[in-house]
Amino acid sequence: MTYFIQQMLNGVCWGSILAMLGAGYTMTFGIIGLVNFAHGEIFMAGAFAAYFALHVAGLPFGVAAVLGILGAIAIGLLVERIAFRPVRGSGMITLFITSFAASIGIRTLFVMLFTDRAKPFSMPAFLKGAYLIGDLFIFKKTIAVVIVLVVVGALLMYLVKKTKTGIAMRAMSYDSETAQSMGINTEKIIIITFIIASALAGVAAIMWGVSYGRIRSSMGMMPVVDAFIASVIGGLGNVFGAIVGGLILGIGETLFVAYLPPELIGLRTLFVWIVLFIIIIVKPSGLFRANVK
Amino acid sequence: MPGDNNQRETGPILKIEGLNKSFGGLQAVLDFSLSLETGELKGLIGPNGAGKTTVFHLITGFHKPNSGRVVFKGINITAQSPNRVTKLGIARTFQKIRMLENIKVIDAMKTAFYLQKPYNVLDVLFQTPKYGREERQLEEKALEFLTFFGIAHLANDLGSDLPYGLQRRVGIARALALSPELLLLDEPTSGLNTVETDELVEIILEIKDKFGLSIILVEHDMRVIMDKGICDSIVVMHQGAVITEGTCEELQEDERVIEAYLGAGVA
Amino acid sequence: MRVREGFTAVARYPIGIGLVVLVLFLLDRSLPGFWLTLFLLFGINTILAVSLNITNGWANLFSIGHGGIMLAGGYAAALFTLPVFFKVDIIGLHLPGWILNVQIPFLPALLLGGVVGSIVGILLALPALRLRGIYFILVTLGFNLIMVSIAENLPNYTNGAMGLRQFPLYTNVWWVWGIAFLVIYIALRLRKSYIGRAFIAIGRDQELAEHMGINLLKYKIYAFGLSTFFTAIGGILWVHLILNLFPNAFSLALVFHVVTMIVIGGMGSVSGAVIGAAIITGFTEVLAPIEEGFQVFGVQVPHLFGLTTLLLAVVLILILILRPQGIMGEGEFSLQGLRKRLSRSKAE
Amino acid sequence: MKRLGFLLLVFVMAGSVALFGADKEPIRIGMIASITGDAAEMGIEFMESVLVAVDLINSRGGIHGYPLSVSIVDGQSDPAAFALKAHRLIDNIKVIAGFGACDISFATAAGEVFQAKKTVFTDIAGTTPTIPLVGDYMFMTPIPDNDQGRAVAMYINDVLGYKKTTIFKDIASAYGTKLTEYYIHFLKEFSDDPNPVPLVVTYETFDEDFSPQLTRIKAQAEKLGLEAIVLPTWPRDAPTIAVQARALGIDLAFIGTDGVDTTALIDVGGDSVEGMVYATHYDPSIPGQPQICLDYVEEFRARYDYDPGAFGTMAYDSLMIMVEAVKAVIDEKGEAWWDSAGLADKRTATRDKVATMTFQWTSQAFSFTPEGWPRRALVWRVVENGERVFYDFQSYEDYTPEGVETLPFK
């Protein structure tokens, strides 16, 4: 039982990061129809900004976290400017490809500037350590990550459901032309969407740094696929769904590693995808209705 | 083809019995029945949302009915896939014009000759004389159709760039190219001005005779059908159900029709 | 044009083919190793791009799973083309004897790999064809990752992450460009037949296509089967040129390169796919000396590795901004069209 | 700022080449490494290392007065690019010899081309023992996995004395998979224990979260009697695994292999890797190394502010193998022959020297077996007070005693 709970906690920690990434991912898709492959690089940029603030400039953790989020937002807006705005309305495939090109470009630039070596990302003292219950380790960082997820998730839900901006976003996600004719400033909403999604990626980057203690230039490459999966599981465009999807994915991956026979652990990718295929084919709209948020 | 389709029936070319279709909780078509004689032109009218287009979707197999039967030329085509239905000889046009994007009118017409498949893959790959001959014939036939609709000069233009009225014609020409026996026209005059409407009605009557077609014409604007008096008979739908059927004259008196339209107008 | 018409169709082909063969022969003899390899990679990329164009460009089944197909075809062919001593004595694969103890020539291996690629492709397509847009992309993306995972986890049959080596160097100008011209020919011919028109109709408007009597499932499977057949063959040619096969050989990055080719060239255009393949193949290699540092007037320009990749990303975005339909749009390159355009510009 | 300094140095280097005057044609050697892409982490260290070594050689008058020019090209972590660049080095840049790569697929992609053009090629960091099978022009600098697996198994069994160990196997990497296989095979033989590695946990390159695997180890450690965790990983993974293991309260010993010897081990690993013993190829305090190697380490440290790890040293060794072979050719045949001989002759002569001579300028004296594997010693280092320091030394003869089956393949 301790083993199971410990593994669940591991899964929740990893899942929370995926959830945070997936939430941003799903917003850009739901509201402006962009499958943003550069989301991983926005995430990576956030981690680097925080790393420089923390380790090069020696700023306190709180400031570094804010700078990390700002860094992610900066790259997010850059992606919007170069890879989204000029080709807006040219169809999902074009957007998909420009965002992929932006992803490669930004990643290569970071490798050129900072190499691809792992860089340490030390966690602040108050997050170090764990509470021990019998054999069970409950890490402070896990608690922090979950609290951040809950708080940010609740704020996001409030924003999308209750605020004027959120209503405008939802209107746009249904039909951007109609939304425009209803007097919604779509330009502004797009920018706000990018800012929020990038900020979420920035938060995810800080969570990542704290949880795993290292960052590198190509760290965004794989998690972006996971975030993609998470948002599809939850119904593309549905923020709550993406968060749940991320948690399911994180816990699922962990449990595969925890309970498969050791020689089959390598096949966990296969298991994850098979589960996803079943979900997509049986219920293409994801576990939660898409477009509702 | 499953065996139950082989039982041949005599009589009307199209016979629909007790068709029902609901989407979620919404009953789109309710116990719809219709009978169409060979060579007949039937109007299907009703206010917006009456379920007319859904009936077309059900006939062509685009939607599967919850219950009921569609029999075409004595063959049960209920819930067959659209391509099968088309193969059997039913062609339709669309209310919202569908043009193959970035495709020349002539190529769109050739695509519509798909069913004829006058040559096989080997002919294509080895460029046999048969392929050349048949392709040329397809082109000539396509031009013939376009000439008939008075748009031959536009053969090399992109379909999606044409003005609205001409797109309607391409749409009907394309449906005819499938050499149907039954043509389903979904609001062919919507979005057209009076001159264009008149011309199109002319064309419809002309093709009906020339190709020996049976036609169902869906229209939500009552005047088009009533004023022209082109339909042999008219079916009136309201909220998914047939409320009455009759000739033009009969219906003009019918209170239920007026009520349906007025009710819709008020709502 | 007058003179041309003097030739009959029968006479024109041998002359054209003869010319192409002569050019290939001269290139094969005269190109130094680097340019020859580049030329071969260009040919392989042409095969990949033209065949990917059938699904992604025409039938609008936007697949990014063709890397998995190349992997399946590549391994299927590799198990038969590898020398027996390598399979048995060096890496010790656990395969049935009829695979382990034979080494077959290239042509049957190509066909075998192509068929396996096709079968795997259709097996992928059957459940995936119900899906549209982003879901289809996601499933094909996952397919790629799954194939890599399977190849990694079956070391008894694939040698796992260590991969396979010691392939005979089969790939040459004749195989590559012979097959490339075959694919181009088939694609161009199909496009001008009811089959190609059915593919394109499905790609543009699936419902309309269905109402034109086209059997969606059948044609989607045709498109996928044809495309994956040649994609697998492209993969096998790659394996027997680079002489390497390992689970990550055809990663997502490679698939995106091919997607980029057809997007730059113009989705749906066969000649566009060829042009795109030329640009993407040549781009990083021709510009490579820039990133490696060089001397100008005695001043050493330092290394800037990664620059070409960065430039490629920039160029790709610029092309999509300035000419979203790609270089060729959906049209095809033709001498007449070119002549027409030239005379028009002269007249202006 | 460090970056800028690096660029300035490259300018200085260009100047130093100019000093030699025009009468002697430079000796061209090519290096192909993944400086971008998935394997960039190692390629950059190769490049840094080689730039230092080239400077060092040229500042000492080059090779018999011929300036040394190393062309570095980027394989982009893509075997097709490796093959193409290999062609370019051979045909366009006309190198005498080449070296590079960090993985069997990249090494053999380039190696096949070098083999076909009869030019010698040495792999820097790919350790799969089948690499030299490409042909008689292909060699490998690092200790192959079968030898390292044997050496590590022997050391753990005989010296460190752990009876039961567990191992992290990276199924996406040839290095991790192969080393795991050999390690288990030899440990069974040395320990007379049918199951000395009762638990093998797998992961995949690019994984970040190892806590599920570690939790699994923790749950079974007592039952299985585990004493140590062996980490044959890429540089980025071992320290992260160590950090996460310590956080979970796992106090088993860590044993690393040559893949972990980079600055990231301490930077990322911090306190968690303290006391970790690992096998590698070099330590500045190993006995019998030449002065030039010590100078190289000093210069490297001065330039980049960290110690060259296994990867930097392997790149340095690979370069020195070529330099020494070329020098030996000139020694033997004279400068007149070198100036007049054709490129093909020079390449063959260089290959023959590589195959037969014992290298003295490399970090340790060693020679190649007829198959192309190196006979070199394994160095053990330990992390002590946040520094990587010398721990022990296993000579080739130590870990390859008479009668032991070396098991090169399978």
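Just so it is clear, A, B, C and D label the chains in written order, and each chain counts residues from 1 on its own.
Going forward, a contact is a pair of C-beta atoms (placed from the backbone, for glycine too) under 8 Å apart; a residue touches a chain by one contact, two chains touch by 3 or more.
The structure presented is a predicted model; accordingly, all values stated were derived computationally and were not measured.
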Centroid comparison with chain B (C-alpha atoms), farthest chain: D
Looking at chain pairs C-D and B-C, which one is connected by more C-beta pairs in contact? C-D
Chain-centre distance (mean CA atoms) for chain C and chain D, in whole Å, is 35
Quick one: report the Å distance separating chain B from chain D, using the average Cα coordinate of each chain. 73
Euclidean distance of C-alpha centroids - chain B vs chain C, Å: 42
Gap in Å, rounded to a whole number, between the CA centres of chain B and chain A: 49
Considering chain C alone, which of its residues make contact with at least two other chains? 152-153, 305-306, 309
Set of chain D residues in contact with two or more other chains: 36, 171, 204
Considering every pair of chains, which are in touch? A-C, A-D, B-C, C-D
Would you mind writing out the residues of chain C in touch with chain A in their complex? 62, 127, 130-131, 133-135, 137-139, 141-142, 145-146, 148-150, 152-153, 256, 259-260, 263, 267, 304-307, 309-310, 312-314, 316-317, 320-321, 324
What residues of chain C sit close enough to touch chain D in their complex? 32-34, 36-38, 41, 89-92, 152-153, 155, 160-163, 165-166, 169, 238, 241-244, 246-249, 253-254, 284-285, 288, 291-293, 295, 298-300, 302-303, 305-306, 309
In the complex, chain A residues that touch chain D: 3, 6-7, 10-11, 13-14, 108, 111-113, 115-120, 122, 130, 137, 139, 208, 211-214, 216-219, 221-223, 253-255, 257-258, 262-263, 265-266, 269
Touching residues on chain C, where the partner in the complex is chain B: 9, 186, 189-190, 192-195, 197-198, 200-201, 204-205, 207-208, 210-216, 329-330
So, in the complex, the side of chain B touching chain C is made of residues 60, 62, 81-83, 86-87, 91-92, 94, 98, 100-103, 107, 110-117, 119, 121, 124-125, 127, 131, 135, 174, 178
